[in-house]
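Two complexes come next, and they have one chain in common, chain A, joined by chain B in the first and chain C in the second.
Entry: the complex of A and B
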């Protein structure tokens, strides 16, 4: 083979998905401000960012899983987030002193679910789509067994004030936490051996194995991280809603994938990053707010969401001429 | 009059100017070689003709009339078909289905006409029946065939399109001699019927045996066209390489008497009872027909194949060969045979491709990477191996084949291996890069590593190795130790032509 393979991000006219998504977010804000003055006001923006944070944190794990390749996807993130919130709510039950045990238990359970996903996908060779789809059912069963159909408890006040209260510069603590996580995850992806191994495994599993990378361990850890971040997002969502319900975070599953993909993470694996995903989460949230402001029905919103995703992906596809 | 005229072809990939005013002029009824080292752009020029690459600028005429080729469909429409070393066959379809793929004859209502399909496929496939050991496996899934047979199917697929211009780009690389022979007969028939065959191969003997004319490229430009009947090998090499002095280094062994690597009774699904030893600083060659277990042996020694019996010892201590992770930790390195599929991470930067096997050594707590340390390590290798790159952040896929291979080798050098396994490391790379790979192998051996080296090129095998093991059907059948061993001896041994041997 002596193919000068055609793929380069170099040509200047190519915009990176991150830039494109950020531009879209700003454009949506401007449109919103025009059709409904006050849409892009300070309070509104803070509120939209806060809503984005939940999606953004769930999508951390989704991004990691998608980068790991092998048709990697985690459909169980929404359910895991819900389960974590239910466990957290029952254990802390409005008591600040029980916040830490609640968090520990919820995240441990989440990690165990992720471990099952990872083991099933690597050792039993179950396709990620099937494994995590099946896991939704398993977790739903666990939720019913744990709650007997009735959710208990409520958020600890500290948790609620972290999410809803203003901490610094009139901004909720949640946003700082999100920023912190974003920096940590970006560091992990770009400046750790695990991050580089993850990209390598996603880019070419055979090469990864023959380069001495522990491929299975890398993939399993990706699914564990996905569940843990989902669990964390569930707990934070509990702080926002204060009390829990049985399908609290279920609807975050598809948007978490959409956020990652909008942000330029390649569904085939091996390419991507968290900055794009975070912006993707903001884009989706601003779009939702705009559609609600325009008083478009729920059905219409779903259609438009889908269309935006298709248009964006086709734009990326046009730019990224991969023939590897 | 020329059937094909390509002039002023220019193509830039990112920062690399692959073609700069390249040209090619060839008549119908000839076999025209396209030669040049790898970065020279011959593959890009080929792909410009077949529509895989759209040039920035080009004027192409076929039969005197200007044509525009914007994609493979346009190329088809003008009667151009191509075969590459990289296969496009569908593993799950049968041989027949693959050959007629895209040309399926249909009956009314668009139903497939299986019988007609079989006829169309048989027409081209029967000519190649010696290449399938006598009988064409029409209904076998292509995935079940040997790589050489798959390549033949790929060639038949192109021939079924009845091309006026046939491009064979390294199409013989995975064929054994018998198959090459059959292919050449077919190509000569095509030539006699007026087809233009554009032929690219790194094997000069094939070029001389088959081609009438040769166009030589260097650095993206056409150097000239020469009639091969009047040309010598040295002349062509000179055209390709230019006025650079050719290094003619005599083989000099630095092997010590100390045996460091011992393979004892190694048996896997594809290997039977393989035993040998390698001394410190020795280069052990693996020869024989390709596909006789050389790659399997190297994979097994890297922990990438299930070992049924036997062991590999280093300094008397068994190497942990239950997984490549453990083998790599124990100081074993493998440069695999298929660079694209097994060696590199095409979409990732050169930096990561170089760091990936050794970064844990430089990382804090085996986790936190220092960008400066990684960059320094990568730059050191880039300079040491003379890898031509734009920047470390560029994707490895932007490099030429030779430079990609040097990155794959460099990845392991950073891990300071004690045992280096190389599976046909110079396959499909240009002469200059080959020489550099040879120098790297020598340097590794001189620094005390035990090197096991498989090659499909007998000449380089003899030049590079201190000893050559000949493999046949997964076992070692011969060991050539004499420094005076000739290529003929090696070929005879590989074909097991000695008296009393049964095939």
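Entry: the complex of A and C
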């Protein structure tokens, strides 16, 4: 959708990034199965999908922010997810009846952080990466102030059974939740006024404003949604780990961007979608599992993650040449 | 912030008159920066009565040098129209390589420092190639390379450790004729920038950052200039790494990661436009000192230790917001 402005600058499209990413995931699974038989077994795949879900849900917000354009990027998602999990675990403290208040409080705090990001970016014109990078420091400070360096509480049993337990067809409920969110987000991006406004703002802010779209409100909402989805993923991650630690979800920052890029969301804004991002999250998770199977150290995996993002960006994130 | 209209781009500073004009430019563009500096120094003096004592000055300047060096490096990349989010990781990598090669022996130091500088150059070159040859957006590309560099740092030195020779650390805290060595280092960095400013490469950097297409049309080697900017920034990251090692005396595979944001914040506070082509490193040096003094204030104002990081983070955001307001007004009136 609304691609004509930029599509002429892109290389001829042989395969859509979504198909390419899905192919990559299957190729990685086959390599894994060859290297270590049993890698692509049913239980393993379900487990990988479940781990992908956390990344996939954080990456929902990242995708929305990147589509909103203006060099939009949210580097604070990992810290926000961690903070939401810390708040959630302290409030619910293993009690099912407190799950709803915990979820409400955690997501409200996350939304407030996203609102600060959005306001700083739109009204104070702080570049998104500077604003969200600065926000990492603030949220880390909030975490330290809130916990005094020691995380409390634990996940409510219902949350744990939703994430870890088998609900329907022998599959964890988390996967159904992810599917539901994916459908809802895709519907929002493709079929609602807000979705259309978001793509318009991302493609060309001036023409969007001249068309009467509330540009600032659209961008601010994108950052709020990003923080809220990050907070939700943090709460779900809490269900997976049951107890929380101070850097629970920090490492999701880079993969959330990588997942969106793999899925074909252009960093320039205005082009993209969630289906690709979800597959991107699966690709990255399978890659991680493969690297762990190959007994590559955490440091080595960090290096490889960075290189993978660079290679993927060079495949379809390239900028225009000066000489045309 | 810079009074020159956007069309005119930094001509060669050739004559004395030019230099005087340039000096005035610095003062005009830096009024807000200097005002902030005066305020933070005043608050520091109020909280810390011995602020101007030799010992306090020496240890203060000792903590400034890493920030100042990395801020100058970031300025050069920003002026060229890019950004380097991997500078902090480069500092980490250069410092762990240096500390591992030194291994506590003074005799190994020359080799280790050369290698550390080489790491900075190599990282800068890698960034430059990724941004220029692969044509990736600098923000995301250098963000990705930052993970490569910090991962490599963990491979070189998996956990904090290693020692620097005591001559290296005590020399850094020494003073020459009453002037702390660390202050001399800052002055040397500033002098290095002023020399660099006169070089053709820097003029090319300003031209490319101001308008890459116009620069290209004027036969400026755009690609080479951009790569050079990243390489110079990498060298400043190495200098920053050496200053950290001299200050702490040991290696830490996470030491530099927080410096990236500080470097960007120092550039913004110093009045360099993140869009590129306008500004200079002197403002960034002052910006870095302001940020360091602010964390001093947070430390000495008896903020509970669990709230210190929050206070620091909020100050950085506020400083960025303040720097954003004039830009807002300017664009409104235009």
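The working rule: the second predicted complex is superposed on the first by the 303 of 324 C-alpha atoms of A that agree within 3 Å, B and C clash if a C-alpha of one lies under 4 Å from a C-alpha of the other, contacts with A are read in each partner's own complex, and residues count from 1 in each chain.
Just so it is clear, a contact is a pair of C-beta atoms (placed from the backbone, for glycine too) under 8 Å apart; a residue touches a chain by one contact, two chains touch by 3 or more.
The structure displayed is predicted, hence computed values, not measured ones.
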item: Touching partner for A:210 - first (chain B), second (chain C), both, neither; value: first
item: Which superposed partner A:270 touches (first chain B, second chain C, both, neither); value: first
item: First (chain B), second (chain C), both or neither touched by A:199; value: first
item: Which of chain B and chain C A:140 touches, first, second, both or neither; value: second
item: Which partner, chain B or chain C, touches more chain A residues; value: C
item: First (chain B), second (chain C), both or neither touched by A:246; value: neither
item: Those residues of chain A which chain B touches in one complex and chain C touches in the other; value: 322
item: Chain C partner contacts - residues on chain A that touch it in the complex; value: 71, 73, 75, 120, 123-127, 129-131, 133-142, 144-145, 148-149, 254, 257, 261, 267-268, 297-307, 309-310, 313-314, 317-323
item: Interface residues, chain C side, partner chain A - complex; value: 83, 85, 130, 134-137, 139-141, 143-152, 154-155, 158, 212-213, 216, 222, 258, 260-261, 264-265, 268, 274, 306-314, 316-317, 320-321, 324-325, 327-328, 331
item: Touch list for chain B against partner chain A, complex; value: 13-16, 18, 38, 41-44, 47, 53, 84-86, 170, 302, 304, 324-325, 327-329, 334, 336, 339-348, 352, 355-357, 359-360, 363, 366-369, 371, 394-395, 397-398, 400-402, 411, 415, 428-430
item: Interfacial residue positions of chain A with respect to chain B in the complex; value: 1-11, 191-194, 196-197, 199-200, 203-204, 206-214, 266, 270-271, 322, 324
